[in-house]
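Two complexes, one shared chain (subunit A), two partners (subunit B, subunit C).
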Partner chain A sequence: MTIQFNDETFRDDYTFRNSDWAIKRFPFPFHEDSYMYSVNMEQHKGGPAGSVYEKRFDVDEHYVSEMRDRAKVLDEDPLRCQSLPHMTLAGWDLLELIMESKSEDYPDLFELHRDGNKWRWINKPLGIDDTFTFLDESTLPYGPMEYITRQAQGDYAVLDQRDDMLWMDAGMITTQADWSLDFDIGMNFFEWHAPVPLAHEKGIFIRALKFLLNVQQGAPARRLNWTMTVNPLLDTSPEHYHKWGIQKTELTAENIGQKQHLRVELQTFFRLPRSNALVFPIRCYLCSFQDLMTMPKWGRRLHRVIRDLPVELATYKGFIDNRPLMIDYLSQFDDGLPTSPGIWPDRETEPPLQK
Partner chain B sequence: MSKFEFPPSIPSRPVWGTLEARSGKSHLMIADAEGAEAILDVATPEMMANTHIIFISNGTDYADKLRTLNPAQFYEGPSYPASVQRIQRVLSAAHMGLQVYLAGTESLMGQAMNEAVNAGIPHTAIQTEHRGSTARRMQCVHCKGMTENVEMDPFVCSHCGLNLFVRDHYSRRHAAYQGVCIDAEDPGNVPEPKGIYE
Partner chain C sequence: MSGAEKIAVKVTEITSINDLVTRFRFERVDGGLLPTFSGGAHTVVEMDDDGITRLNPYSLMSDPYDQTSYTISVRRDDEGRGGSLYMHQKVNVGDEMTISYPVNLFSLDLRARKHLFIAGGIGITPFLAQIKQLERFNGHWELHYACRSAALGSYADELTDRHPNEAHVYYDDQSQAIDLANLLDGQPLGTHVYICGPKGMINWVKGTAEDAGWPRDNVHYEEFLAPQPGKPFEVKLAISNKVIQVGENESLLEAIEREGVDAPYLCRGGACGQCETNVIGYDGKFIHRDHWLEDEEHASGQKIMPCVSRFEGKTLVLDR
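Up next, the complex of A and B:
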């Protein structure tokens, strides 16, 4: 299908909206009625047609507006995109991976023409037609990682692999769930995960790292992560927390359905060929509570998950104060019926709300 | 003087060691204030014959005691920032086998550690020992300004004036802990500051 790109904002007047198509394909992150951290990783080799799993780098109706938002963030704070000097080759690897994937997966939107090292890249939604020399930085307006990630939805952490460890040595981070690239750059896998509660004790990070060190070229992996955001604010950075934190207190029983968003990250892992680095795209999807409630299964399940979530997780994810309000709202959509296993909405087979 | 036992913390928080005399062709010792005691504890005459000590007194009177060790080179700097170019110069001329000893506050050790690592000194040749003040060097995540000598939580950012709480999350590149606005969700509601380890 051809995608109709929205003209919308993720700040100030918040005109962001999801179409029915976007709601239906929203990556609901709960495969059962409860949630706890786990090593939830699987191969990233496609998925149901139209789902966010289908393509290597999903492009949706928010693409153009998200890229505009990213450019604004970078104008204000260039430190959101950084690359340590030894990471330039990994940046080229990433540029190649995204250009190849997008031009093969969306030939009507993106074209890549290669003649040796002379490359021509056409990005129709953003109106870009650039010719450059692969591996020659002087032929691009930005470094290779910055150039391509200004044209790709989601954040990108680029990890150097050495001494059986991953190091966060480069990244483009403007749609983060409250963590700072500028602070974390140069840290290793255990250090940047240091603030996460419970998971270290459960051995989750040791097992996750072992898995990631063995991700092979051409065999990417993926997982979902989630949190909560009031208003469809993409840039929930710690840098600006003193400005957006107050919005969490503006939630009421009347506006919660529209203001409260479930924020889901589709995280993927790709090995890069020349640098042997690992790239970690973190793609953020937002959906308001009221839109989620149009799927009876998601209404039942979200209520149960939020109600039963351990205090440590609700605190870390920053919604412990608003949890009672959320539970009140969500309970209206839970009639106690069982839910089918898996994340898909199962619209045709799940019964409508019996209340 | 007894050493402070830091409580268990998260994995990004640095863990400091105890200095021991190592054999090596040359030794560089960088310390501030009570860090001098850690040097006095390990110094031997043979070692001192090949040792360069860089010391920042922070108002203590250890400098004379260190001088009596007779190190090959001794420098007393008025502050860490005033000494950093000398530290870089010395490290840039370092030969294989240089042993580096850092002692004193976390701020000094963290910053000098960065210089040593950037100069290519292997981690295995760098030792640390915490002595003296447990104050932290804090980076404000909002304005990026550093505030030195933070002993209380919360504290006021010395650059942008926001009320910040003290996290244990630590960046080696910044040699600093992270400070985050404490009253963002309830402006003006700032708890009474108390000691970080109280």
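Up next, the complex of A and C:
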């Protein structure tokens, strides 16, 4: 299908909207009526047609506006994109992976023409048509990682693998859930996960690291993560907390359905062939509570998950103060009926709200 | 399904390098391009050896950026269980085989200011790919390569011809030896040393570097163990509820797979840790051969690496 790209904003006047198509394919992250951390990894090899799992790098109606927002963030704060000197080869790996994937998965939107190391890249939605020499940085306007991730939705953490450890040695991070590349650059896997509560005690990170070190070429993996964001803000960085943190206090019973967004990250993991590094794309999807409530199953389930979530997690995810307001709102959409297993909305089979 | 993704290939060239070593070239059956890889990667080659499926890892030695073909070099081991003999005696040009996607357990540390390679015998193969990778980016490297004799020095001449300043070859039969203490002492700060060769060589270089105060993270090594033959033994697989026999010329991992039990693996050479298996009970003695588990774990009787380790005794029960 041809995608109609929205003209929208993720700041100031917040004109961001999800179409019915985008709501239906939203990656709702709860496969049951409760939530706890787990190493919920699976192979990233396609998924149901039209779902966010189908392509290696999902492109949706927000693409053009998200890239415009990223450019604004980088204008104000260039340190959102950093690459330590030894990570340039991994940057080329990432450029190659994204160009190959997008041109094969969306041939109507992207084209890649290769003649040896002479490459021509056409990005129709962004109006780009560039010719460059692969592995020659001087032929691109930015470093290879920055060049391609200015054209790809989601954040990208590029992790070096050495001494049985992963290192945050490069990245493009502008749509993050309150963490900072500039702070984490050069840290190892355990260091940058240190602030996460409960998961360390459960041994989650030791198992996750073991899994990630063994992600192999040709066998990418994925998982979903989530948090909450008031207003459809992509850039919820610690550097800008003074701007967006205060917006959490503006929530009322009247505006919560429209202002409160469930923020879901589709996290994927690819081994990069030339550098043996690992790229960790973190793709952010936002959906307002009122849009989520159009799916009866999601309404029932979200209420139960938020109501029963451990205090530590609600605190870490930054919505403990607003939780009573959320529960009041969400409880209107929970009639106590059972829900079907799995994340999909099951619109055709789940009964409408019985109250 | 365990192991890395698979690729269907055709053998397009077999070249005898010397009395012991033969080189094989693989191209995709479908004519397409192979994945690029990073120097130091290996591929696992599947062999159907008279009903026994052998999966042996071999370092990729070709240019990592040449996607038209991969090459590996196989050293014949007349005392081994037969994988290398199969490659030498049964594989012909035109044969179709299955290999795995490249897996790298011995990659370059790209932060290094200089890469110092120390190779023994067939351990030269991963360095051939790493040298090609570094040459492309004008990387700073140096190779010291010990082999038994000029006649058995695989690729020694072409290395010294092409890289007279970087490649240094030492022949045992001419009593030439690497002056290791001096070599390590003369390296600039930021040098990383890589060792691939027999266990004795790895320990020698590791020990000498440690004594000289080298940071542990600057010393890298890879030693693939081939599983060794041994006395047959019996194993009970508790989860699958099966009692299986491990033959003289197969590994415990191969026996588990033969019985249709899907067990995780990657390197099949005792290095990567993927096949680590819990022991539920035993009466007898382990023959641990991996270098994944710590000494205490070997002594504990609670874990075994079935790709290379064996057992002698009455009963062994595994959590598999």
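As a working rule, the second predicted complex is superposed on the first by the 355 of 355 C-alpha atoms of A that agree within 3 Å, B and C clash if a C-alpha of one lies under 4 Å from a C-alpha of the other, contacts with A are read in each partner's own complex, and residues count from 1 in each chain.
By our rule, contacts are C-beta pairs under 8 Å (C-beta built on N, C-alpha and C of every residue); 3 or more make two chains touch, one makes a residue touch a chain.
On a predicted model such as this, the values are computed, not experimentally measured, just so you know.
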Touching partner for A:Pro238 - first (subunit B), second (subunit C), both, neither: first
Contacts of A:His193 with subunit B and subunit C, given as first, second, both or neither: first
Touched partner set for A:Glu265, first subunit B, second subunit C, both or neither: neither
Contacts of A:Arg274 with subunit B and subunit C, given as first, second, both or neither: second
Touched partner set for A:Glu66, first subunit B, second subunit C, both or neither: neither
First, second, both or neither for A:Phe183, with subunit B first and subunit C second: first
Touched partner set for A:Asp155, first subunit B, second subunit C, both or neither: neither
Winner by number of subunit A residues touched, once subunit B and subunit C are compared: B
Touching partner for A:Glu350 - first (subunit B), second (subunit C), both, neither: neither
Partner chain(s) touched by A:Gln217 [first = subunit B, second = subunit C, both, neither]: second
Intersection of subunit A interface sets (partners subunit B, subunit C): none
Footprint of subunit B on subunit A - complex, ascending: 79, 180, 182-187, 190-195, 200, 238-243, 245-246, 248-249, 321
Partner subunit A, residues of subunit B touching it in the complex: 10-13, 139, 141-142, 144, 162, 167-169, 171-174, 178, 180-181, 184-187
Of subunit C, residues touching subunit A in the complex: 4-5, 35-38, 40-41, 64-65, 101-104, 107, 109-111, 133, 136-137, 217, 266, 272, 274
Residues of subunit A that touch subunit C when the two form their complex: 85-87, 89, 135, 160-163, 214, 216-219, 273-276
